[in-house]
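Supplied in structure tokens, the structure appears directly below.
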Amino acid sequence: MKCSVIRIPAGAPNDMSGLQAAIEEGLFRPEEVAAVLGKTEGNGCVNDFTRGYAVMALKAFFAGVSQEQRPAEISYVMSGGTEGVLSPHFTVISRSGQAETGVNADGLKSLAVGTARTRIFRPEELGRLSQVDAVADAVARAVLDAGITSEADVHFVQIKCPLLTAEQMYDAHSRQVSLVTEDTYKSMGYSRGASALGAAAALGEVERSALTEADICVNWDKFSAVASTSAGSELAYCEVIVFGNSLSAEGPYHIDHAVMKDAIDGAALQGLLDRYPGEELVQVLAKAEADPDGVIRGRRHIMLDDSDINHTRHARAVVGGVLAYVGGDPMIYVSGGGEHQGPKGGGPVAAVFRRR
Amino acid sequence: MKCSVIRIPAGAPNDMSGLQAAIEEGLFRPEEVAAVLGKTEGNGCVNDFTRGYAVMALKAFFAGVSQEQRPAEISYVMSGGTEGVLSPHFTVISRSGQAETGVNADGLKSLAVGTARTRIFRPEELGRLSQVDAVADAVARAVLDAGITSEADVHFVQIKCPLLTAEQMYDAHSRQVSLVTEDTYKSMGYSRGASALGAAAALGEVERSALTEADICVNWDKFSAVASTSAGSELAYCEVIVFGNSLSAEGPYHIDHAVMKDAIDGAALQGLLDRYPGEELVQVLAKAEADPDGVIRGRRHIMLDDSDINHTRHARAVVGGVLAYVGGDPMIYVSGGGEHQGPKGGGPVAAVFRRR
Amino acid sequence: MKCSVIRIPAGAPNDMSGLQAAIEEGLFRPEEVAAVLGKTEGNGCVNDFTRGYAVMALKAFFAGVSQEQRPAEISYVMSGGTEGVLSPHFTVISRSGQAETGVNADGLKSLAVGTARTRIFRPEELGRLSQVDAVADAVARAVLDAGITSEADVHFVQIKCPLLTAEQMYDAHSRQVSLVTEDTYKSMGYSRGASALGAAAALGEVERSALTEADICVNWDKFSAVASTSAGSELAYCEVIVFGNSLSAEGPYHIDHAVMKDAIDGAALQGLLDRYPGEELVQVLAKAEADPDGVIRGRRHIMLDDSDINHTRHARAVVGGVLAYVGGDPMIYVSGGGEHQGPKGGGPVAAVFRRR
Amino acid sequence: MKCSVIRIPAGAPNDMSGLQAAIEEGLFRPEEVAAVLGKTEGNGCVNDFTRGYAVMALKAFFAGVSQEQRPAEISYVMSGGTEGVLSPHFTVISRSGQAETGVNADGLKSLAVGTARTRIFRPEELGRLSQVDAVADAVARAVLDAGITSEADVHFVQIKCPLLTAEQMYDAHSRQVSLVTEDTYKSMGYSRGASALGAAAALGEVERSALTEADICVNWDKFSAVASTSAGSELAYCEVIVFGNSLSAEGPYHIDHAVMKDAIDGAALQGLLDRYPGEELVQVLAKAEADPDGVIRGRRHIMLDDSDINHTRHARAVVGGVLAYVGGDPMIYVSGGGEHQGPKGGGPVAAVFRRR
């Protein structure tokens, strides 16, 4: 197996010219694309249609360019919100060969990507242990799919998860089952939180037997240091992409991660860069969050009190700026809403490198 | 002369409890206060009333606490906008003694603060060379007032300048004189720009004889590396506060500055910190700006196209985050709108240190 | 007793020039002012400091102008948010004489205003029946104070109520008592809702014995057709102002009300105007709300899904526009957040008239 | 010729389910669709991608459903911004037969729709008399195309016009020609204004010979009472849709218009309704604008000073609310930005009726 990561600038959510040019230059082959992660320039909140717009454009684009057999489905994960210096772009993740086919000539572990899906959830399962368990199972399968043999080799787990729609609430009410929340917006947080705890359980970061329903979106001490989850109304199951390193993979790419302890913890990324001097930093993947206590480094912040700008927008601007400074490039993937993804107020940061 | 700088957290624009406590603890003496710089939590744009609210509260507070003779007038400079991690606070600048009275025992230059004012401007002077010249003269006087003997010892020049109000426009029209702009909002930029060029001329950063009216808010190659200007409707003259170092001043405080070449140039502040190892960083003063070309480090940014969030708000969030990471503290003074204050897309950053 | 209502335009939250001019013209006497209702131009949400700014300015103003004995305390009720055509202004309510002293020469009922306060609440009482009962009691006393003898003569009940602050939550936790919510923002809705139900109980609009704690902010069928409540952190009790008509009052002013069944029900105000042909419409007082079902007249609205503009802001813009059209004047009092104040999606509208 | 207008609710910019259902119910035939006007739920400003998203979805939809020959191109005019009660929807305009083929059996004029295009403009023509003249010519041709024989029978002229992009500015600079503005956002206003004056000239509302370049976006006394123009980057020519009545057209639909003198002039629409008692109001088409003087009915409004919400958003919320009240339905077409479209602060309002 050989995996690669390439970033393509986007002039708009529907701008496919960069992807077209990259294919023509031979930078990636459309039939090998496993996933596209996008940063689109909407508000990243409820009424952000740039995500759907980009997906519609990407599907039409890949349907047009691919003559050969492609993977059944490319996984599209669009994250809205390019506040501050964050630059709209697509991250194309390619994979050729199977996990078992790699023979890493130089004995180094290389980037390995695996995917998996959960079953479709019933509304009453969302934000509960039932979702946690199904995600944990899918993460374990994706790790296998990637040919990763140790939990320590998993460095980023991107999960796309469902939310509760008005229709699903109506269905649940008609069956007289209770839901974790009656609020569509809040269900996004519960679904993200349960998904993150599922990853944490699969990777041994939290002990599944010690996890109760009451921990979800309450006990922030339990978290995954590598999970990045986002909720959307376009699916009823969870889609999992695991990024890690494996001896079964070959090629110059590899990945590592650290944990930002708060939104201005640029030292977390700096530490990663210091580990691989001379290597090319290909992409940064991170989660941003306004500290829910309203305080950072002992100072009051106003992000949670601002009724004009959503706190996730503030947080992305800050984390994007800090990581752009440290990494020297503002075209990075920083997403908001970090329930159980890294510690309270902080979040995971992963970096993909390319050996020269 | 002895000058000091102290920061006081504010729980709201009208929260004077921190100032009260600081006086009670003997951290500063109200009768020695020369200026208060504030970061207040409004939007920092046209309809930001947190600035006026804070000034009303501060005036009432200082009128209440001072029994002794005070300076004729404390200079209040409120900058709205605490996006991201920026923490609302007041910076109290105190000064005792006169510039000439200092005898710096250890031969080191110490923080010296001087103030001056221009005459009242006629509307038609704003944003033109007439304003540039008057500000240049005031900056020169403030440098003298501070007892600073070399332009190289000036590290931050805070200028509060007027804007064109509808009333002033009416007055000008009735006298049939032309104005630099017919747009109230734009007059803020012109006034900031002319003020900054005035500082630049006074400090020899641009050659006055080579400066034409057409340069103002057009030719961004001409700028001051130490000016920070903000426009407001509450005054009709310019108020200048010069921060620098002088052998005539004593005490542990001193100041230095650098120029951020863009919004993520944290290395500028890092360089300052590296010059004074072991010293306490007391305050950071900086200007933030979205690059007017829409590009940063070769990547497109969306700050100028965002009709939901003003670009100055994006820029403050980024610069605040980067400098908070580098300096380790989010309670810093970062203000927006940087016409002729530092290079295009960048801006001055000053740091006040305290020798231990 | 003689009560009057006068509106004063405000150029800014701290603009007292209109009030000053009105006093000089003899339009009202400062020592007779019972209450000032304001529409200020902030966002009307959590971080709206224009309310506090206006109150600070008003208190300083009235402290300055009153030589004579004044009522112990003027009641200040500031409502933020002047979206669309709504014009920032102050409504000054004056009252001279006592309720019992009026002798209405012409046998007509005239405007009568009464005020009352509840005791200070413990945090655990907020949003619960305990608050409902205390408000009901205060409303009854304010009705008496106004000399109003029939519930049918009460047409507008403005209530200012507390919210749960972080400090109060901490206090409650330390005493191990449970609160109605752990969310400061949500506590505003609970407090508004309980206050409105208190008014409804006092006025016989809902049967107190049939009211349970579970009705509060859940059962929207129970509401007051005359309550207008707003929550703020500046008080720990409820302040009640009752507007109605009484035979004990004299003068040309009187008030009436109707219920808007949704945000575009201008016919409610039109009906009031049609009742009093030839009279001067002095002021309109109304509540605005985005229908919580996301539908109005069978059409989807996007107010609840908009992460850029708070739904209360959308709703005020609409109701303000509709009532400004019907009444012919955009300088009216329209406030947002209508829990149990009028039916779901609708709200009370009162009109003060002056007989010619 | 037979023309019809039908409204289709949209659950999202890409929601084609209503259109699909309408075709299945036989409410319109896709091959007869001449134009689709949409209200989409973005901010209606620069970074509103809901317009492009809807167009992408509509093009794919109509490409899928049409088996038969269709008009060479459907004209898509998307207007962003559904503030307040405005409900996202599509207005489908169908036309069968040619203008000359109609024989109106009952002697009544019926709805007639005509379309035309200008040539492609060079950048330096935009916002200038050259654009005015080309639009005037196209409007005249569209009137002919509609079989409308008198200017008095034209009631709404929807024009989609280009703006200046950065690329076009670069091209112009390289050819050393001057442009009407160097600001992309402002070019939208100039293009809308010149287009509206073109319609006014074609329809005899302003005298072409008396029109100078200096009138464009300056002299608001010159305007069209029926033009509704919107600028976009997706075309380099102007596209014109004329709505009027003609004896050559048949069918139950007809159209009329009035002029709102300000944003709360609901009486304009009320007057139209009063002219056709008993008829069904099919659709309302209107323009919204914040009065550029900052005053409405003698009262200050804050729409132009609000740095959090664009004034076009405020204005749409108000006009949408007022017209929804008068017409009884919030699913109407209200668009913002009214340079030379109706008087200063006001705008045209047209109503399509269906005889019963």
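The first chain written gets the first letter, and so on, giving A, B, C and D; residue counts start at 1 in each chain.
Note that in this section a residue touches a chain if its C-beta (ideal position, glycine included) is under 8 Å from a C-beta of that chain, and two chains touch if they have at least 3 such contacts.
On a predicted model such as this, the values are computed, not experimentally measured, just so you know.
A count of contacting C-beta pairs for A-B and for B-D identifies A-B as the more extensively joined pair.
Residue numbering at the chain A/chain C interface overlaps substantially, since over half of the positions present are found in both copies. Note: centroid distance chain A to chain B, computed from Cα atoms, is 40 Å. A separation of 47 Å divides the Cα centre of chain B from that of chain D. For chain D, the set of residues touching two or more other chains reads 41, 43, 47, 302, 305, 308. Residues 43, 45-48, 302, 305-308, 310 of chain B are the ones that touch chain D when the two sit in their complex. Per the touch definition, chain A reaches chain D in the complex via residues 12-14, 41-42, 47, 49-50, 52-53, 56-57, 60, 308. Every residue of chain A that touches chain B in the complex is listed here, in rising order: 9, 11, 41, 43, 82-88, 263-267, 296-297, 299-303, 305, 308-309, 313-315, 317-322, 324-326, 328-331.
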